[in-house]
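The structures come next, written out as structure tokens.
In what comes next, subunit A is part of two complexes: it sits with subunit B in the first one and with subunit C in the second one.
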Partner chain A sequence: MQLADAIRPRLRINGHHHRVLARWQVGNRQLAQAVSLAVVAVVMIPIAYLVLGAVSAGQEGIDYLIRARTLRIVGNSISLMTAATLLATLIAVPFAWLTSRSDLPWRRAWLALGLAAMVIPSYLTAVTYTEAFGPKGVLQSLLEPFGVDRLPPIKGFAGATLTLTVVTFPYIVLPVRAALLHCDRSLEEAGQSLGLNRWGVFRQIILPQLRPALSAGMLMTALYCLSDFGAVAVMHFNAFTRAIFIQTESYRMDKASVLALLLVGMTLVLLLLHSRMQIRGRHYRVGVGASRHLELLPLGRWKAPALIFCASIVFLGVVIPLLVLFKWLLGHTLTNPIQVPLNLLIHNTVGVSAVSALVVTLAAFPLALLAARGATRFNRWLVNVAYAGNVLPGIVIALALVMFATQNMLSIYQTLPLLIIGYAIRYLPFSIGATESAFAQINPRYEEAARSLGLSPWAALARITVPLARGGILAGLALVFLNVMKELPTTLILRPIGFRTFATRIWSAYDEAFLSSVALPGLALILVSAFALAIILRREEAIS
Partner chain B sequence: MEYSLQADHLTKLFNGQLPAVNDITLRVRPGEFLTLLGPSGGGKTTTLRLLAGFETPTKGRIQIGDHIVADDSHFMPPEKRKIGMVFQDYALFPHVDVAGNIAFGLRGSSKDKARQVKRLLTLVGLTQFAERMPYELSGGQQQRVALARALAPNPDILLLDEPFSNLDTGLRAQVRSDVRHILLETGTTAIFVTHDQQEALSLSDEIAIIFDGKLAQVATPHALYNRPVNMQVAKFVGDANFLPAEAHGMTADSRLGEVKLFHPKSGRVQLMIRPEALAVGFDEEGSRATVLWREFYGHYQRLGLALADGTTELIARTGVDRYFQRGDAVSVSLALPALAYDSESQHVLS
Partner chain C sequence: MSIQRLASLLLAAALCCFVVAPALGDDVLTVYSGRNESLIGPILAQFTEDTGIETEILYGGTSAVANQILTEGENSPADVFIAQDGGALGALAAADMLHKLPAATIARVANEAFVSPDGVWTGLSGRARVFVYSPESLDEHGLELPNSIHDLTGEEWRGLVGWAPANASFVSNVTAMRVLLGEEETAAWLAGMIANGVQAYPKNTPIVQATIDGEVVGGLVNHYYLFRFLAEDPDITATLHFFPAGDLGSLINAAGAAILKSTDQPYDALALVDYLLSDTAQAYFAQTTYEYPLVASVEPSVDLPALADIETPEIDLSDLADLQGTLTMIEESGALD
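Up next is the complex of A and B:
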């Protein structure tokens, strides 16, 4: 397994898949290559500066690397990642099964509410948890009549794990649910006819079919935990991202880049382990017959526990954050003395997110084209490098770009273009992935048919390929928009002085302990995110 | 213009592997229907894609009409070649309706376009379907739209890549003869790729047999069936019995007794006998044989026969006027002269 193959997720799409057959021999390949090369050059910058920064630390860097504090950071990150991923899996699998294969009442509503946790950024969930579960918090005041005057501290490992579990479990629910829905019912019947009971069917027939989806979802969750900044920062848990942030804030760039390289190394190891474990089997339906409609399993006396289970998940993921935010909104106890009008925040946030989404989509277009239609070794290499954002956490990209700008292009430091470049490097893979899969689903014979009917390569692209891929391209755009809007560490470090977004506003309100000022930008962010997510999910439904 | 298409020494290598197309030379006359026939993966489709311009030849030269479209120094892109192409999966543009698909390759005023679209819809018998989207059509209808779309810009040559393979067996024969009629009516020169020998024999003016990227034989269906150049071709186009024999000029001694030959031969040969060349009956003359099995097809029947020597088995095809069953003792004789191949080279020595 090549490292590059590990970084770049293998394309998995429904329906026909034409990548192998596609031989794209048209004149615009050179142009696509040239633009791709420029994009890839920009992506390479942070990687190069990271390595340079770490190397310049020299012996000091090595000493720092093996210091007990550094090793503790490694331990912290690994234990947080492991705990949150396992917990998220433990709640995601039953949740996915209940909302897809059981007769649970209001299945679709539970699913939607459960997934809604995705639109709340980790730092926002974490901030509301400190209020709800912290000292003198909501939970404690509820428990006071029963004689509980102290709760275990929420900050630290417990809080970070709880937050990341709740925020990431949808990333496991989505693929597992899709796999459950695509399970072949006749396989289960074959299992039953061979003498397996319900549990046997689940263990021996269903679970093996879920394995690829489960491992993909767990990988996503683990990567999220490693690269997340918001939850660990709010919960004061000294994982990598927080440590890098603190070093960067105090301009100890050599130490920061040593830590950052270590973090990138860990994500790479994770990806390699994952790709090693991939079983090379056929996990899809082999038969030619039509897939039988899935039967819903009656829950019987398990209905009440199942409902309580789903309700608790929704309560943790959505209800608590919203309740706390509304409490702050209506309470108005202590307001941040620096007033920022909401419409300015909306303008900044939506503006920078929209511009970044457009930039990323345009930059991704030629790369996606090369990935889907120009299968040469050089092109594959280009595309793989462009996927680097998958292993570079936002804080790492921000650190690298700060080093680049302060050493080489001071004029660009703390300007919007640098911020947008940071977002672009981070989220380029999202857009390439969405666009590439949309291209790959298009039968290359369409383009050939257009050519045989007298259209130039450009005309075929404009009249056939792009209109057919429009849905996928737009979904990628919305995905980037959503993520840029919620992004915290890159924004904090690279933004121009005085440039405020929802995310930075929530952060500073938390940082300066004016918690009630979190309410308005927090609710606004959730609202806009929900809108963007709705667009993405509609596209997913349309595909499947 | 003697030929609509000439291809000389066409060769294509993919990434240094064995050549997919190896030194193929073809000539197609105006109005002719040429079929490229061969087993799957043998290079037929690659040949067609070279002609269309979707692949660049590694070596060789292609001329369409008076224009050289590909040689060592020139490569004309597909959109300039004035070819029409019907794809195996039709490749109808899913976001455009039937009329839009047919009009796609047309230039000129919208009035001219509309007239041409109407003419083609009439030609393929789909006038009521102009506003349907491709997914609202049956397989046979999609196939006809694909044909109309390819014919609309009046291409010099129409290329068809296994266009019937996605149709049900029942529909296939009908669509096949419809397409043949439309092509005859429009006088279109066509090159057609298939791995189905029945299809090739019934439709083509000429058939080019391609094995492993090499041209094995170019001939009319009649000549190909009756005088295949080697045993491989003989086996590929229809059932064939092979029988060792000792040839003396125009006759040969075999287990069927003395048989007549097409060509004079001498020495050890392999006789190629088509199943329908065997006369099976309950007569006094001819060799003795036993019926091993029988398959009844309505308009003919296939018989498996074991000759009296106990080792030779033959397949025969006869009319249905006589009733045979397993175990019947029958007589077999050769009704037509047999083709003889050299035992060593398996080729006809001419």
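Up next is the complex of A and C:
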């Protein structure tokens, strides 16, 4: 069970919550379990087909697995993940500190602009970087007067690392900043009174308190890097996802499954290592402590460098992508003979994302209920399997579903339902997590009181618990919506014939250098995503 | 905006998606196209407008789509396969998946080199492999035009050449090389190009763009992509070089079409193939995509050497069927890494 526990972020629930389930009528519990079981069965399909596909490769598969080229893919993925995660951490920690604990001017604006990098999908950031930093790109033309004729190619390791660093650093900023805001001030004061200087306080007192948040954020970044397809595909860096895509395109499903299984294995190893390294120490305050306002540290002569630092991050993450997209939109680029009306793209993208978000939220509901209210061994197992999406990159899910549909259910091959199932498996953890934590925050006594006043268990759930958990459920919904909208590899592989979304349009237009056809859907996607993210962040704000 | 209002908005959008989504009937002709939508999409739309036959079209790389049909086998929903090159069509012919075409359809094509010997596929438009280059960049680097694609492995071209290693036209070019020069020499050329820092692009158009931008001096492409750029900006100086003396870099190939044996709409499928060989469609290929029309009654529209004047290597297009073998060789060479 340790592996399964590692997949799933732990949530501490007070013991007394669990007893509610025992009072449910047996029939209701069984209903929740039955629905959960059905959802979990769907999640298991791709895993089963992946294993079958890899096994069918037989000896050939084993030879393929251990040849030098495959090992190089492993090396590529590991080095990309390591480099991007470390770089993202190096940027994220000072950025989080500056925007929460220093007297940096316009802190909230810097924070919002820095986090805005999250709404730009990795493939979009990557294509704009090829234009900005390419051998004859914008940067080179600015350096031309200084005698720089051409820059070294951005494609490859450098470009992939740069892109992933920029798009993932917000995933570290968010938890670290939250931890910084909740640090125990009295410890710092004690440190100072014992003669530590500012740096000493940071290193010896603040940093250790940040470790849980840092490790969670870094894990998320590392998982993102392993599963990301867009950046490595655009940057021609042969990490796992790109190699799997190439094999899938050539319909060599056995080789693709071997690679996919290896990738899933690596992800699991990463999670296991992470759970082993979890620091067992105590990071919360024991005493009540004196509550006091967080004191902002004056930056003094470091103010200018700090401003330059924040500005550079915002410039890389948001300004460059937007500038390049506007340049393509307004400048002269090759005209795409295929014009797709923007409203059709909006209709398809928003439509499929909304339906998927609803499907995922509904599927997550019984599982979240079991997780929060019914901690039997069997239920825990169900919920852990439902978290499989965390270790299955989109390309892997798509590959497995193609194998399943072509071999067994041709009627759903290349249909919207299959695409939505793909999204659901990938993003189910997001929704379960949000819904489960919302349930866990509600005192089960409210429900018990409603029951004692004569409501049936389901009525109590519907009239008491669900309305109270509404915020969390909707935040999960918005999170799934945001991610489905940006999703590329699953969409490319599972979409019905002729079905276009922002992501597929951007992808195919970039392939053929129709840059103005990249720009318009790109900008529209950023706008809609920013809107969804604003809602999620406002919700987080409300919680904290 | 409140979360409730967002939720109702999402719900409304979701309903829209399901209710408005067009129901797909069984009488829709399913076309699998290995040609880019930007090249073939407009004429397929014209076909529907002129004949009333509805189509749904899957676009993908030619090798990918051919492999997909091979994998789907008898279950393939595809009625018609449109390919970027004869090799992929040959691969399906070898698997006995193609319907024989009527003699009258085949007879439209003037040169029998561009139809299948068994009459199971027909060429639609001709194209030549060429070296697109920028004369300014060539001078700047003190280079001379290559006489053969083998020259491009020379040190003086280090990092200055572009190719699209996963593209079907390139794949069939490499297949031709395997047929004419053998496995060893082909693998050596691929390795030489990679060792020489060749720049990889996803498709042909970005190579032309990179040539215009000066990112590379030149690249291995099909002839027609440059004319798209010239049509929008006549001041572009990039130009085409045809490798002389039957060099493999000047392979002439044909985009083509075939009807799947498993089709349930053979008549509509044939109507589409005949339409693509009609004067209307052939004039479209000549004037809009700048390819070589293959029927005698339509002339090429841009200033190009006549097909017969290009010194192309002697090869039978149906011999280029070993798609998988070439894909494996390209992959093993490290070109896709």
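In this text, the second predicted complex is superposed on the first by the 524 of 544 C-alpha atoms of A that agree within 3 Å, B and C clash if a C-alpha of one lies under 4 Å from a C-alpha of the other, contacts with A are read in each partner's own complex, and residues count from 1 in each chain.
Just so we're on the same page, a residue touches a chain if its C-beta (ideal position, glycine included) is under 8 Å from a C-beta of that chain, and two chains touch if they have at least 3 such contacts.
Quick caveat: nothing in here was measured; it's all calculated off a predicted structure.
S.K.: Going by the contact rule set out at the top, does A:Ala83 touch subunit B (first), subunit C (second), both, or neither?
M.R.: In the superposed model, A:Ala83 contacts neither subunit B nor subunit C.
S.K.: After superposition on the shared chain, which partner residues are touched by A:Leu410: those of subunit B (first), subunit C (second), both, or neither?
M.R.: Second partner only, subunit C.
S.K.: Could you say whether A:Gly471 touches subunit B, subunit C, both of them, or neither, answering first, second, both or neither?
M.R.: In the superposition, A:Gly471 touches subunit C alone.
S.K.: Check the residue A:Val528 against both partner chains and state whether it touches subunit B (first), subunit C (second), both, or neither.
M.R.: neither
S.K.: When the two structures are overlaid on chain A, which partner does A:Met220 contact: first (subunit B), second (subunit C), both, or neither?
M.R.: neither
S.K.: Considering only touches as defined above, state whether A:Asn443 meets subunit B (first), subunit C (second), both or neither.
M.R.: After superposing on A, A:Asn443 lies in contact with subunit B but is clear of subunit C.
S.K.: If you stack the two complexes on chain A, which partner ends up touching A:Ile432: first (subunit B), second (subunit C), both, or neither?
M.R.: Touch status of A:Ile432: no partner.
S.K.: Tell me which partner touches more residues of subunit A in the superposed arrangement, subunit B or subunit C.
M.R.: Of subunit B and subunit C, C contacts more residues of subunit A.
S.K.: Subunit A residues touched by both subunit B and subunit C?
M.R.: Looking at subunit A, the two contact sets are disjoint.
S.K.: Note which residues of subunit C are touching subunit A in the complex, please.
M.R.: 1, 3, 6-7, 10-11, 13-14, 16-18, 20-21, 30, 36-38, 41-42, 56-61, 63-64, 67-68, 70-72, 75, 77, 159, 166, 199-200, 202-203, 205-206, 208-210, 213-215, 228-229, 232-233, 288, 324, 327, 331-332, 334, 336-337
S.K.: State the interface residues of subunit B toward subunit A in the complex, per the touch definition above.
M.R.: 52-56, 77-81, 83-85, 87-89, 91, 93-95, 104-105, 107, 149-150, 152-153, 159
S.K.: Applying the document's contact rule, which stretches of subunit A touch subunit C when the two form their complex?
M.R.: Within the complex, subunit A contacts subunit C at residues 69, 72, 134-136, 150, 153, 155, 236, 238, 246, 249-253, 332, 334-338, 347-348, 350-352, 354-355, 357-358, 406, 410, 414, 416, 470-471, 474-475, 477-478, 481, 497-498, 508, 510-514, 535, 539.
S.K.: Under the stated contact criterion, what part of subunit A meets subunit B in this complex?
M.R.: 23, 25-27, 443, 445-446, 448-457, 464, 467-468
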